[in-house]
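Both of the next two complexes hold subunit A, though its partner changes from subunit B to subunit C.
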Partner chain A sequence: MTRLLERPLVHFALAVVTVLVLPLVLRSGTLASEILIFGLAAAACNLLLGYTGLLSFGQGIFFGLGSYAAGLLLLRADLPAAAMLPLVALVGAGTATAVGWLSIRRQGVYFVMLTLAFSQLFYFLAYTSSDLTGGDNGLLNIPRPRIGERVLGGPWAYYAYVAVLFLVLFALLQRVALSTFGRTLLAIRDNEARASAIGFPVRAFKVAAFAISGAVTALAGALHAMLIGVAPLSNIEYHTSETLLIMTIIGGTANLFASVLGAAFYLIAGDLLSAIWPRWLLLLGALLVAIALFMQRGLWGLIERAAAAMTRSPAPEAARPADAAVTEEGRP
Partner chain B sequence: MLNRRAFLTQTALVAGTLGAPPLLRGAWAADGALTVGAPLPMSGAFAANGKFAALGAAFAAEEAGTVLGRKVVARDLDTEGKPATAARRVQEALAEGTRLFAGGILSSEALVMGKEVTNGGGVFFTTAGADEITGTECNRGTFRWSVPTHGAIAQTVRPLIEQMPQAKRWYTITPQYVFGEGLLGAAKAVFQEKGIEHVGNSYHALAEKEFSGYLTNAIAAKPDVLLILSFGSQSSDTLRQAVSFGLKKRMTIVLAWASGLEQFEALGPDLCEGIYFGAQYWHGIDSPMNKAFVAKVREKAKFSPNYSFAGSYLLTKLLLDGAAKAGSAEGPAVAKVLEGMTYAGLTGEEEIRAADHQVIKNYYLLKGKAKSAMADKDDFVDIVSSGKSFLSPEAAGCKMA
Partner chain C sequence: MTYLLQILNGIGLGMLYFLLAVGLSVIFGLLQFVNFAHGAFYMLGAYLAYEMVGRGVSFWLALPLACLCVGALAALTEAILLRRIYAQAHTFHILATVGLALAVQEIVIIVWGPIGGNLPAPDGLSGVVILGDFIYPEYRLFVIGLTAVLAGALWWLLEGTRLGAIVRAGSESPEDMALLGYDTRRINTAVFGLGAGLAGLAGALAAPIRGVDPFMSVEALSVAFVVVVIGGMGSYAGALAAGLAVGIAQSLMATLWPEGARLVIYLGMAGIIVMMPRGLFGRA
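Showing the complex of A and B:
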């Protein structure tokens, strides 16, 4: 059973099940859409954190830029959503390439500091460019997409739109993770010096990982802006980067679906707890401490341990993407 | 190794967390009740304001009892102080049938919620400050009780200029965001009109906590008056640091947009003494409705109502009065009744202007009194003056769709 949990096809099947189950267990179509959108952004964050070993505080930049780019292209250029989304992906990839290219010149804590600095830089750019971004009021009146003549105004109609894009992008991210490129990222994460000695252009691979992650995160930002009808300043704040990292860590960095799990848990727990106790973020802090101390593979690790207990087989040991294990067993 | 018992326990916890929202939502949606949504920052940096506003909404709901034959319920919707969460909360509440919304303390939240509620067929009443709410972003379903920046400056800066004709040099400290720019623009217009020399301005960022550098600049400019245009905790921090720098003895200090009682309680009487404050509401306002309201709150809740409490109470009451008069709780019907309505409000005679949905009400200039002169623990200030100053809907930029 533990082997089954390592199969990418199972992860994709779980993503499909998530899309189908959310409307059955949640009354709010908006919350369900938000789970898929943040699940996508967390999965893109995981491509950097879990697969490349890069702890980036810059994901909020791409998420926020995606929101602003979507708003500007829909409102000022009057483009339809279908034409806007590829352009947003390009904006995300381009910005992430620039941020990544400059940040990966340093390693460890200096890399983290650089991504933090970029995060603040882009935040203040958005904050002061109020003619373009609406400043602290946000960019308002962002419309929902249309299918033919029909505007996807209802929460569940928009959920269906998000769900299709989520599955397509999730499959693409999985394809990237399973490709030779993805394997090389794992090699770089595990031993950068050796990967470089073998002859891999390590910097180029890292920048490419940034670009892919940035494109997907920007698309998630665009979907979010269309969901709530506004590109708020908070989308490009440092706090968004932090939230995406927390979701990724709660879910576990073992595979891309774990990030979706982390996003779902974070949003549903927040929705529930905030109604019960205004200081619910304290509980979230305690949960993070518990995960750091006892559950380093996150919620996915818990599922793996549970599966191992059920079948009495040993649980996976190291905190590594499960896809890697599959490759070592015979994938090209 | 995880044993089966531990696995079952942990799985149940996770499943419970994931599966509980529909159950809770069901519990919240009381059958047949007339729900007034109160989208407020109940957690996060503005949770204290949200808490009092929620109490105010509940107070109004309890007072109303039954409207249109339905029991009135005020339901808190935690916006966490984030526009995105605020939009989601009102979308969810609209989907569950709520049409009346009173809340939105922060401008960025209120702008988003106004659009969402209007598009969803509801009506939204707010106390948020951004001029755009009843200006360029005005819409059919959004109403605002608080006085915008133009009126706030007109009722604080103008009376002080008249009271202190010798004070010709003014220095401003401004938060560099849309609301701060609105206050600064209005202040500059008054300075120009009255021949006041604006000797300098310091901008500070949204998350700034240290203001000593700006205060040093202010001292160097040798102004007669220091006009602080920040709000919330930033204005309190600026004032604290200004007083500790000894600026109170050197110049007159004016805080144009104060929160009222909750802010004075945090600052204390020694700091407030001699400082001028602009405010939307003060529990000492001499109006029949306010006197009755304050007495009732003191009797039932055992405290004096602050701005968050009073504002939220009045918004909820107005929505319920509107629903009762319209004979319907649907947004467009209630909005139609509210347009042009005049009533005896907390600040005296108030009118909801039909053209932009702005409530025409008084704004107050207050002055901090000495601790020894306070009649009770809440008697921090005297009302110096009050008045109504508003741009026309056209000048505010409202084009009602």
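Showing the complex of A and C:
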């Protein structure tokens, strides 16, 4: 059972199950779409945090730019969504390459501080260039995509569209994580000096991880803009970067599905609690402190413990992505 | 002359940035702990001064009280909570302090509401000084004077006293300090309180200039980060130089391109990182 939880195929199966179960348990198609969209962005964040060891406080940059790029391409260039999405991915990858290249010039906490400062930079950039971004109002009237003649106006029709893209991109991220490239990222995370001494171009690998993460995050931003019909300024704010990071850490960094779990938990808890008490973020703050103290492997860690208790085998001490990959590879 | 006034504004602003950044820097130097709640302590200082003055307490009393309360509260948080996290990875330092900052922000909204407010300049300093053809608020001159004195006192505290020597030695090697019989836990708590107290003081001093609002913490935190990225963490001179540079640049831009004033400091930071990855005074 615990072994099973380390297998990437199981993670993908869990992603499929999530896609199928959300419509059964949630009344709001918008909330369900949001869970997949933020789950995707959190998984992209995890590619940097869990797999490369880079804690990026700048994921909101790519999410926000993705929203703006989607809005501009749909409204001003009049492109269909199918043509817009690849371009948005390019915008995300390009920006992430630049931000990543600059940020990894410093390491450790300086790196974290730089990514946060860059997220402020892009926020003010979006705020000042209001002819492009609409400033405080955001870009309004962003249309939903259409399939053939049919516009995906209803919440569940759009959910289906998001779900397909979610599964494709999730599988893609998994491919990346399991590839030689992904293993090299793990080597860099575990011991950068060693990876560098072996001869890996560590900085190029980190920038590439940024580019992939940025592309997927921007796509999530584009999906979000089409969901709510607006590309708001708040998507590029510090707050979005913070939220994505919190979702990722709540879920746990052990694998990519854990991030989807984190996003689902954050959004569903937020939806339930904000109805009762608008200041529920106070509880979230307390939860984050509790996770730092007692639950460093996040929600996924809880699942692992539960599975271990059920099979009465000891919980894996450190079932990291590296271990998962090795298990998969080493199977006869 | 307009520029001269803006430079004067910038020096005041820059000295507040210095107080913020040097607190962050000292805490990191000793504890290897990035305090993402630093902006929250700054905001708390501002709100405490705002509340006390609103209840009729003199600003001159409110200022040191706000600083002491924030420092004591931070020391308490460190002693109860944060010291349990030191042994863990940076990710969890950041997570815990982000959580703390979030909780403080929500508490501020619960207690004082989401709108924010203004704090009048204190009695005796609400007037203006005439400088040639221009007038300049007395309070801002006072901020420059007080922060300059504080900067000097802090320099003396860190470089000239036994406590400063202990702190610097602790930054180099906490194990050796423990072996020599120093109670590093108490030193850690004291330094955390000192750093946060400086942030609280900066907030209280800034309140009559910029008012108070529940989102001032994020802004303060990111500016403090810019200052330490440019100046180098753990460098007193770097924090001073970078704080002043950022303050003056922001104030000058406020006349040239008001909407872009904030943008410019982040662009400047990006430029410096490209040219000098270690910052102006950085060691590592």
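FYI, the second predicted complex is superposed on the first by the 321 of 332 C-alpha atoms of A that agree within 3 Å, B and C clash if a C-alpha of one lies under 4 Å from a C-alpha of the other, contacts with A are read in each partner's own complex, and residues count from 1 in each chain.
Here is the rule we go by: a contact is a pair of C-beta atoms (placed from the backbone, for glycine too) under 8 Å apart; a residue touches a chain by one contact, two chains touch by 3 or more.
What you are looking at is a predicted structure, and each value in this text was computed from that prediction instead of being measured.
Superposition model on subunit A: subunit B and subunit C are shown in a clashing arrangement.
Within the superposed three-chain model, A:Thr128 lies in touch with subunit B and with subunit C [touch as defined at top].
Contact with subunit C, but none with subunit B, is seen for A:Ile249 once the two complexes are overlaid on the shared chain.
Contacts of A:Leu293 after superposition on the shared chain: subunit C is touched, whereas subunit B is not. Set side by side, subunit B and subunit C differ in how many residues of subunit A they touch, and the one touching more is B.
When the shared chain is aligned, subunit B and subunit C each come close enough to touch A:Leu281. Shared-chain residue A:Gly108: touches subunit C; no touch with subunit B. In the superposition on chain A, A:Ala193 makes contact with neither subunit B nor subunit C. In the superposed three-chain arrangement, subunit B is struck by just one stretch of subunit C from 63-71, 99-107, 171-179 or 207-215, namely 207-215. Residues 124, 127-128, 279, 281 of subunit A lie in contact with subunit B in one complex and with subunit C in the other.
Residues 1-4, 7, 10-11, 14, 17-22, 24-26, 42-44, 47, 50-51, 76, 78, 80, 82-84, 87-88, 91-92, 95-96, 107-108, 111-112, 115-116, 119, 130, 132, 137, 176-179, 205-206 of subunit B are the ones that touch subunit A when the two sit in their complex.
Subunit A makes touch with subunit B in their complex at residues 25-31, 34, 124, 127-128, 130, 134-138, 140-141, 153, 155, 224, 227-230, 232-235, 264-265, 268-269, 271-272, 274-275, 278-281, 299, 302, 305-306, 308-310, 315.
Remark: subunit C residues 28, 34, 81, 84-85, 88, 90-96, 98-107, 109-110, 218, 221-222, 225-226, 228-229, 233, 259-260, 262-263, 266-267, 269-270, 273-274, 277-278 touch subunit A in the complex. The residues of subunit A lying in touch with subunit C in their complex are 49, 55, 102, 105-106, 108-110, 112-114, 116-118, 120-121, 124-125, 127-128, 238, 242, 245-246, 249, 279, 281-282, 284-289, 291-293, 296.
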